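Only one structure is covered here, and it is reproduced in the block below.
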Amino acid sequence: MSHIALLGAGRIGQVHARAIARTPGATLVAVADAFPAAATKLAQDYGAEVRDIDQIAASDDVDAVVICTPTDTHADLIEQFARAGKAVFCEKPVDLSLQRVKDCLNVVQETGAALMIGFNRRFDPHFVALKAAIDDGRIGAVEQVTITSRDPGLPPAEYVKVSGGIFRDMTIHDFDMARFLLDEDIASVFATGAVLVDPAMRDLGDYDTATVVLTTVSGKQATILNSRRAAYGYDQRIEVHGADGMVQAENQRPADIEIATSAGYTKPPLHDFFMTRYTTAYEAELSAFLAALATGGAFSPSGQDGLEALKLAEAALTSAQTGQVVTL
Amino acid sequence: MSHIALLGAGRIGQVHARAIARTPGATLVAVADAFPAAATKLAQDYGAEVRDIDQIAASDDVDAVVICTPTDTHADLIEQFARAGKAVFCEKPVDLSLQRVKDCLNVVQETGAALMIGFNRRFDPHFVALKAAIDDGRIGAVEQVTITSRDPGLPPAEYVKVSGGIFRDMTIHDFDMARFLLDEDIASVFATGAVLVDPAMRDLGDYDTATVVLTTVSGKQATILNSRRAAYGYDQRIEVHGADGMVQAENQRPADIEIATSAGYTKPPLHDFFMTRYTTAYEAELSAFLAALATGGAFSPSGQDGLEALKLAEAALTSAQTGQVVTL
Amino acid sequence: MSHIALLGAGRIGQVHARAIARTPGATLVAVADAFPAAATKLAQDYGAEVRDIDQIAASDDVDAVVICTPTDTHADLIEQFARAGKAVFCEKPVDLSLQRVKDCLNVVQETGAALMIGFNRRFDPHFVALKAAIDDGRIGAVEQVTITSRDPGLPPAEYVKVSGGIFRDMTIHDFDMARFLLDEDIASVFATGAVLVDPAMRDLGDYDTATVVLTTVSGKQATILNSRRAAYGYDQRIEVHGADGMVQAENQRPADIEIATSAGYTKPPLHDFFMTRYTTAYEAELSAFLAALATGGAFSPSGQDGLEALKLAEAALTSAQTGQVVTL
Amino acid sequence: MSHIALLGAGRIGQVHARAIARTPGATLVAVADAFPAAATKLAQDYGAEVRDIDQIAASDDVDAVVICTPTDTHADLIEQFARAGKAVFCEKPVDLSLQRVKDCLNVVQETGAALMIGFNRRFDPHFVALKAAIDDGRIGAVEQVTITSRDPGLPPAEYVKVSGGIFRDMTIHDFDMARFLLDEDIASVFATGAVLVDPAMRDLGDYDTATVVLTTVSGKQATILNSRRAAYGYDQRIEVHGADGMVQAENQRPADIEIATSAGYTKPPLHDFFMTRYTTAYEAELSAFLAALATGGAFSPSGQDGLEALKLAEAALTSAQTGQVVTL
């Protein structure tokens, strides 16, 4: 049984608390949050204690921490808990600054701490099956990857301000997925961003609509299609073409029915967002973390994966802002 | 080049005229119809002459006739043209009376005339592919067949009155398809009919909603689901289960797009009826008729196929009316 | 928090134990099984105690029991725990004998005990959405229901022997679903059964392939298509036609990807059986049981629902054996 | 009745000859081809005469020509027939040289000749429905367009040599479609090309795999995904996102069945290439040409459309070769 503490009791913290509760072999011991009420609520719901960060770092009954706090605290917390000898699972990104991430990963390496980064989509069962089909040689050598990722709606302006922008906040998941599927170094990044959803995004210095093309050293191409708006729900699709064929994963639906009337055939909208779309992925992600803890196996995606995805985000931002292709 | 005369210039006659015009190797020579205006219009559209029935029977420049007149004239016309030495393609059914059909087929046999019955669905390319999958052994020995056949709406009362009722008029296509797919003698027929669409059907002594189950001598089962109402268009599906799997043919769509909005994912309705749904089937059917003419091959579906389908229609009607299973 | 005891630690018992573990507000207190090893294993997995039946009946710390023992014990256990004042959730069927079910339900009524029957499919989120679409009037008044239910393979002969036959064991779920969707009294039952999968079924006096048509008092029609064999997985579909349209729920897939190669487009097989297909349904079913317990609301599906489904199974068996329609 | 001459009796010439034969109101009068045998064959198949180019230009019984000759003859022929007072339908592209196209269009303008360019996909009924959905405001203002266009296999090296390269030969259809759907000026073009299918393409100075992103002046984005290889058939899809939703057109299938076995659910491959995939589009395209002829309406897509698509092809080639974004 792994004893886990949760740092951050917000939206994504609740997702992880639920995953812990549903995972055999894991128990939630403690919860910390800057807002005591949030920590108390979550602790009560799952039979855990409220403790502060330092108490958790010093707790003998905690094996691992799951970091769901705001991004600007991630690197400090990773370092603190790495030094405290706890295994660390941290939500993406490690930090918005490449240098800060590198420094943090150095501490992780020095302490020999276990660190896994929360790229949850790698654990979605359908994407897992897609990756397995590629690895099994079903479509031959990968040539083109297309990732569609559309949020149902804009995040609050307050969130956008500290998010690091669409590429670091949203596309970063797609960069990780592209790397995961291409399995080859990226040579160049092209990105174009626009403000088509809400003019307020322009004032915030961000984009709400973006298209990114990654080209690998051998010429493989990955396209990422992003928007902060999708009227029909959280749109998450992957399509991979190889020498011998294609594999794709379509969207999942909470109510998979079809109604046919004189207006045509209608299916209900998609999941409303990641909390419901990736429920199974979050559980599988936690299980992978626990399995690595238990077996001493590799923690994947690693801190380095987090760093590489952030590098691509930086390059995409530069490309979009300059209108030029960025060579890595 | 086969020279063809068309008997009957109504709705289905127009469908066949168009098929003839689009088929290399066929030319429409003459058109007959009880309504001269209809014959004239069709003849002009396709560069043919208006002639009356007897003229056509006596025409040296006519190799074959396509009979699209009202049902109660079919048997007489088949006999007349069989005796005139013309190849005959006749729309289903040959007649509403089993005995009349048998007598007619005797004449056909005596004259050695060529006769093909218009079960157009056997020629739909998707159903052809479905049948080929079965014949290729892709699903093993057939065990269960399900045929969904729903008209978009009720025919006019005038038509219903002379149609012979839903089983002889509409389900007859499905009986033929079930026989075609089961490829085994039917041992018993169960049918239940209801008036759920329009109470006027009750006064006409007909049903508008029906479910039929055919059981073969070895226990194979075919289910036919009929309705005279389908708000979303002309619903035509087939599903066949065998020892090793299943093959199905879904509906076809004139505009195969999907629109996703906050209301969900919507596809436009199906084809509005058989004239547009089975365009390709009607052309392929005519080509098969012409090919048999040219090669001296077998005409299929045959008059016997028409007879067997009618027998099943009779049995279904008896079953629905008595509430009992009819053993053949 | 509801404290639950599980009677029966076999396949379906494990499904329910998992559901209990994943449901907030429920805790598994005790497990009983005729095979001590099975009970011990399950109890250990979920942190519960092994107790025998009588101990559980006498346990003050048990609010409710979930009965997953062999069918021939169900009625006795329901009576025992009804008398012991425990809420009872029992897997279908209550008994293979109609009379025994009636007697048992009398005891339940006399004791005022809570009883819910395990027709899990009513709780599948997709079927729930389908039912909601009907209840919301999206398709108008229901006219035809088609339920496809195919097991991936034959159960062991030992199981078949005591199962009561395909109609009482397998189709019973479909009878319940048909009743649930038609919401009208059934007037007649037609069934045809065959042995197409394995001749051994004939020696066991059972069928492995069946088609059933239910007709309601107003002429609505429900068709059930069953087979004990489906090479492509556990096939569970529902389609409902109404005056204004149609609603359908297609199959769910554990790995919802599509691979396109020169061989065509291929999706992996369906779920392998009910344990994985209906995972969410089993959790929702338990939640409904707990909610009824907590709120004093109605337990649904009720014992009466179990009785009505069994009546339809009996009628279907009679119909298949006699070759006649059975009027209720 | 429009009297048409066909210039070029090769593969695409045959497609157009068939379309003419199947279109009411059109008749094929004459065929010209550098290979007399090809012209003779096609003329015989469709009841037309063989004439040479100059004879056709001088023919009083020819209203319009359909140009299907090699690309390097297009501009000369357009000019010759424009001056001869014939309406001209010409396959894309007008020429590989932008300047030559401009000169040719000047001649067309001076002569007042009718000219329509063969961007057949605009006439596919499914893409027509997609465009209509956009124009009807179903998805709001267009924001992102994704066009997937994959040929089943590489063309012969001889063809590639004179094709002008993938962007001018293949992507040009997608450029036209993107323009058609975006309905806004393109501001910049990014393209990345690779040789992943056949190293021989490198020697030919061409790419076989490409991704292109077009950005409009207001920031709308169109992505084109191309490959000269698709094991599963001719892959032709469009997806358009707008402020209020999305519309997509999926692939069409010649045999639209699904076979489910223990290996999963399999659909046959797509159409093998454009001749079968776009049969209906070619007929509708010809009908539009004839309708414009008959009514004096606008010929669309126009010569200018051909020029604009070629400009985008040039820009894409420059982008791919330089690794830089090209601003228009």
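Letters A, B, C and D mark the chains as written, and numbering starts fresh at 1 in each.
FYI, contacts are C-beta pairs under 8 Å (C-beta built on N, C-alpha and C of every residue); 3 or more make two chains touch, one makes a residue touch a chain.
Predicted model only: the values in this text are computed from it and were never measured.
Taking each chain's centre as the mean of its CA atoms, A is the chain most distant from subunit B.
The interface holding more C-beta pairs in contact, when A-D is weighed against A-B, is A-D. Centroids built from CA atoms put subunit B at 56 Å from subunit A. Put simply, the C-alpha centre of subunit A and that of subunit D have 41 angstrom between them.
In subunit A, 231-232, 244-246, 260-262, 268 are the positions where the chain touches two or more neighbouring chains simultaneously. The touch graph of these protein chains is complete, with an edge between every pair of chains. Here subunit D touches subunit C in the complex through residues 231-232, 260-269, going by the rule given at the top. The touching residues of subunit A, counted against subunit D in their complex, run 141, 143-144, 146, 150, 188, 190, 192-197, 209-211, 213, 215, 218-221, 223, 225, 227, 229-232, 235, 241, 243-246, 323-325, 327. If you check the complex, the residues on subunit C that touch subunit A are 21-22, 24, 45, 125-126, 128-130, 133, 138-139, 244-250, 252, 254-262, 268.
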